[in-house]
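There are two complexes below, and they share subunit A, which is joined by subunit B in the first and by subunit C in the second.
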Partner chain A sequence: MKKLKEVLYVIERDVRMFLNHKILLFMRALWFIAQISLFGLIASRMVIIPNYFEYYAAGITVTILYSTAVFIGYDIYEEAEHGIVEYLLSLPISRRKLAVGRSIGGGLRSFIYVAPLMGIVLALIGVRNPLNFMLAFFSLFLFAFGVAGMSITIAMGIKSADKFDILMGALDALIVRLSTVMYPKVFMAQANLMYSELANINPLTFASELFRWGAGIEQYLTFGPLLSVLVIVLFFSLFTLIGIIFYERRLEGGGWQ
Partner chain B sequence: MTAIPYIIERDFKRFFRYKWWIAGMISMNLADLFIMALVYTKMVKFSYFEFFAPGITVTALFAAAFMIGREVNWEVRRDYYHYLLSLPVKHWELALGRVLSGALRGMVYMLPLLLIDFTFLGLPHPLQVLIIFLMLFLLSLGVSGLSITIAVSTDSFERFAVMRGLTYYLLFFCSTVFYPLDLIKDISAQGIIPPFLAVLAEINPLSCGADLIRSFLLEKPSFNIRLIISIIAFSLPIAVISSLAYTKILRRRK
Partner chain C sequence: MAPIIEIKNLTKKFGNLTAVDHLNLSIEEGEIFGLLGPNGAGKTTTLLMLTTVLKPSEGTAIVDGYDIRTAPDKARKLIGISFQDPKLLWVDTISDVLDWHAKVCGLSRQERKSRVEWALKELGLWDIRRKKIHALSGGTRKRIEVAKVLIQRPKIAIVDEPTAQIDVVGKHRIWNMIRALRDEGSTIILATNELYEADELSDRVGIMHKGKLLVCDSPEKLKDSIPGGDVVEVHTKKDVSRRAIEKMKNFDEIVEIAVIESNYLRIHLNRAEEAIPKIMEVLFNEKIQVSSVNVAQPSLDDVFLHYTGLTIEEAQRLAPAR
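For the complex of A and B:
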């Protein structure tokens, strides 16, 4: 029980830290609203795809879940830069619990933030099968943890601030565009076969497909829900594990410096 | 000789210190153009790549020129201008230098994307190239001025960030950067979006910049003198207002 409590403290701290970024969160929400109410509405009249608005709104929800789960990497990087890691290590919490707490906290806080926005999107597009949606919702939960683990891994693996920022910027630009978040895979293949091949191994593709399946937007699904769930579970397990191990090891003997 | 070139040089050096921002923006712009626009081309009934290329050029110019406001607001909040006032530089030189350096940052960052436009959409007549450069510089001047005006209007970072974000998203999404004006007007006429958004999209300087390039490179929309008038009407007054506002901040006594 005591062990769990210590992990909970770490999670609570990460959630509180996240909520302190009020302006950043407000701007993200504003971006989300502009994407849906302006770009989504207008683009849906421009493209030949029927019900594109629903398709796009679901994709943007997954994008914002990804981009907020990535924040934990920036937080950890800043802590290393500003000497806060030393303070964290002085606390009566083991390194492992610290690592586990960070990984869970990173995913949980993004989910807490995105849940109301997801609610708005679902109110607009509707849910046809609540049971499917519950499964998709749970998988997205795991997806957020996986992204947090991936972000922690990158943050702890790169020691140069410039390299970290550049890599995260490039990754953010490519991972969203090379997925089915904004467009169905069939059109990606028509534009360039390589794009659709890369989308096949992109976790955002599986997360957005699952969300659409859960909401009943099944027109352009390319993978079955079972495969998508399996990929998300694999992504979550792999990166959460790597993130925890990497974070714990880096904390050992000043490896973050 | 005036001190303006030194101010511009200083601001340029600072601009290239934001490596993460530049790298992120370059990746984003290229990914938007060579991935997103190419895929959308398959989803619409016209070449979205050709339509979007001038749009992303103007977007890049806007983002780079708008960046100066962040630094100016930081200087206002930290009273850094006391140091600037200690320099042997006249107030008007400092104000004009800041607005100009913001504009030149926009031009330098935008240039590779404009060259991509010329490479893929064709090279226009030399006179048209000249008009494009002149108008984009004026647009950049206006955006830099707008950014500085917002930056000096408040001491609060929170208020500045919100005002900056609202301006950014409004100008960005209510423009013809991503979609044609006819489409926006149609949607507005159907009551899907409020009519004022269609008006804003039409007079938006970003729309005018993008449509000006399109009119010369794609001949669609056709060239209209309104595009040039709109850019001048936006940029020159805002450049003057921002210089005056910046000078006022320099002279304030706390």
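For the complex of A and C:
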């Protein structure tokens, strides 16, 4: 129990630290609302596919989940800048617990933040099958942890905050646009077959398709619900594990300096 | 009784720079051990290795029976550190920082509440406990950093320059709290470049310079160990010429002359009553008017000067940039 408590304290710190960024969180929520109430509403009148507004609203929810889970990487740089890493390393808890706590905290806090926004979207588009939605909800939960693990891995691998920022910006552009968060795969294939092939291996595609399936906007998933959930579980397991190992090794080896 | 910390050949290299060079040192349980030296002497690097934040390049340290290389988690559980530069995130409040620190150090809810409240009140932070770190002065941040270790009350408490940026009243309050922590059973390692602070608080002092431990003993014994039992401070109205200093150095009584400022000499000598008239004569012949002469007791400044050939200010200026 005591061992679990130490991990919980690390998680608690990450969640609190994130919620302390009030202006950032407010601006992010504003961006999200603008995307839905402006872009989503206007674009849905231009786009010929039916229910595009619902399609887009679900996709943008997954996008904001991704971008807030990535934020843990920025926190790692801020901590290094303020010497907090040394403080964390001096605490009477093991490096492993610290790494596990960071990885879980990074995912959990993004989910806590996005959950109310997700609630707004669900109020707009409705939930037709609650059981499906529970499965999708669980997958998005794991997806957030996977993204946090990925962000920790990249942050600990790159020593420069500027390089990390540029890389994450580029990665965000590619990973969001080469997924089905904003447009169906069939149109991606029409533009370039490679685009839809890349979307097929993009975790954001699986997460957004599951969300739409859970909300009842889409009846069929490219790979079926179980395989999609499995991909998300694999994504979560792989990057959470790599994130923990990378964080622990880099800290212990002085790679944070 | 075995020492609570035994440092054996501890070395840390950063590229070509050897920050700590084969350090050997024992620290006894229940003492306040002053680690004294200018910035860049290797004090903080030594402390970071002891707290297992940095890995040694060579050598090790045994902390209450645990090797920092092979059992870092166990060693770390015994140690609490107040860092030289406060390690605080700008968006946190004072209460957030201290409460979380107490939690993660394993204090029960009740202990946490009472110790955090006690530290906040003792350090004059109670009324501003809900303020965010970014709104606080350097001195206040430093007090928060010190509060962490006072709340934790670890078996071994490390305080790195605990009163830097803190006003005189605050300094004395923190010194008393450090003494109280020792009286409650903690062993204290005090790293400082303030010689008076080391002299005031420490049972024993180790002087570090360029990564090496030069000497280690009680402040009294260190002061007794320097040749030239008297110290004469001479202030003049104009700069003292090199020729005058060379003339004074020829006197048998004079052991060492430290030019603190161009018009301020600190002279280590024997038989002050015989030497002072000779010094005055030299200055008179060189047409250098004397504004004051003072016979003082040797201090740790003199000990540092004796072992390094430099004043601590000179050593600070010559410290390597990392």
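Following the convention adopted for this analysis, the second predicted complex is superposed on the first by the 253 of 257 C-alpha atoms of A that agree within 3 Å, B and C clash if a C-alpha of one lies under 4 Å from a C-alpha of the other, contacts with A are read in each partner's own complex, and residues count from 1 in each chain.
We take it that a contact is a pair of C-beta atoms (placed from the backbone, for glycine too) under 8 Å apart; a residue touches a chain by one contact, two chains touch by 3 or more.
Here the structure is a predicted model, which is why all the values come from computation and not from measurement.
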item	value
Superposition on subunit A - do subunit B and subunit C clash or fit	fit
Which of subunit B and subunit C A:Tyr195 touches, first, second, both or neither	first
Vertex subunit A; arms to subunit B and subunit C (CA centroids, nearest 10 degrees)	90
First (subunit B), second (subunit C), both or neither touched by A:Leu91	second
Subunit B versus subunit C as contact partner of A:Met46, first or second or both or neither	first
Subunit B versus subunit C as contact partner of A:Tyr9, first or second or both or neither	second
Chain touching more of subunit A, residue-wise (subunit B, subunit C)	B
Contacts of A:His21 with subunit B and subunit C, given as first, second, both or neither	second
Partner chain in contact with A:Phe138 - subunit B first, subunit C second, else both or neither	neither
Touching partner for A:Glu78 - first (subunit B), second (subunit C), both, neither	second
Closest approach of subunit C to subunit B (Cα atoms, Å)	13
Subunit A positions touched by subunit B in one structure and by subunit C in the second	none
Residue ranges of subunit C touching subunit A (in the complex, touch as defined)	48, 51-55, 73, 76-77, 79-81, 83, 85, 87-92, 96, 100, 103-106, 154
Footprint of subunit A on subunit B - complex, ascending	19-21, 23-25, 27-28, 30-32, 35-36, 38-45, 157-158, 161-162, 165-166, 169, 172-174, 178-180, 183-184, 186-187, 192-193, 197
In the complex with subunit B, residue positions of subunit A that touch it	22-23, 26-27, 30-31, 34-35, 38-39, 41-43, 45-49, 161-162, 165-166, 168-170, 172-174, 177-178, 182-183, 187-188, 190-192, 195
Residues of subunit A defined as touching subunit C within the complex	2, 6, 9-10, 12-13, 16-17, 20-21, 78-79, 82-84, 86-87, 89-95, 252-254
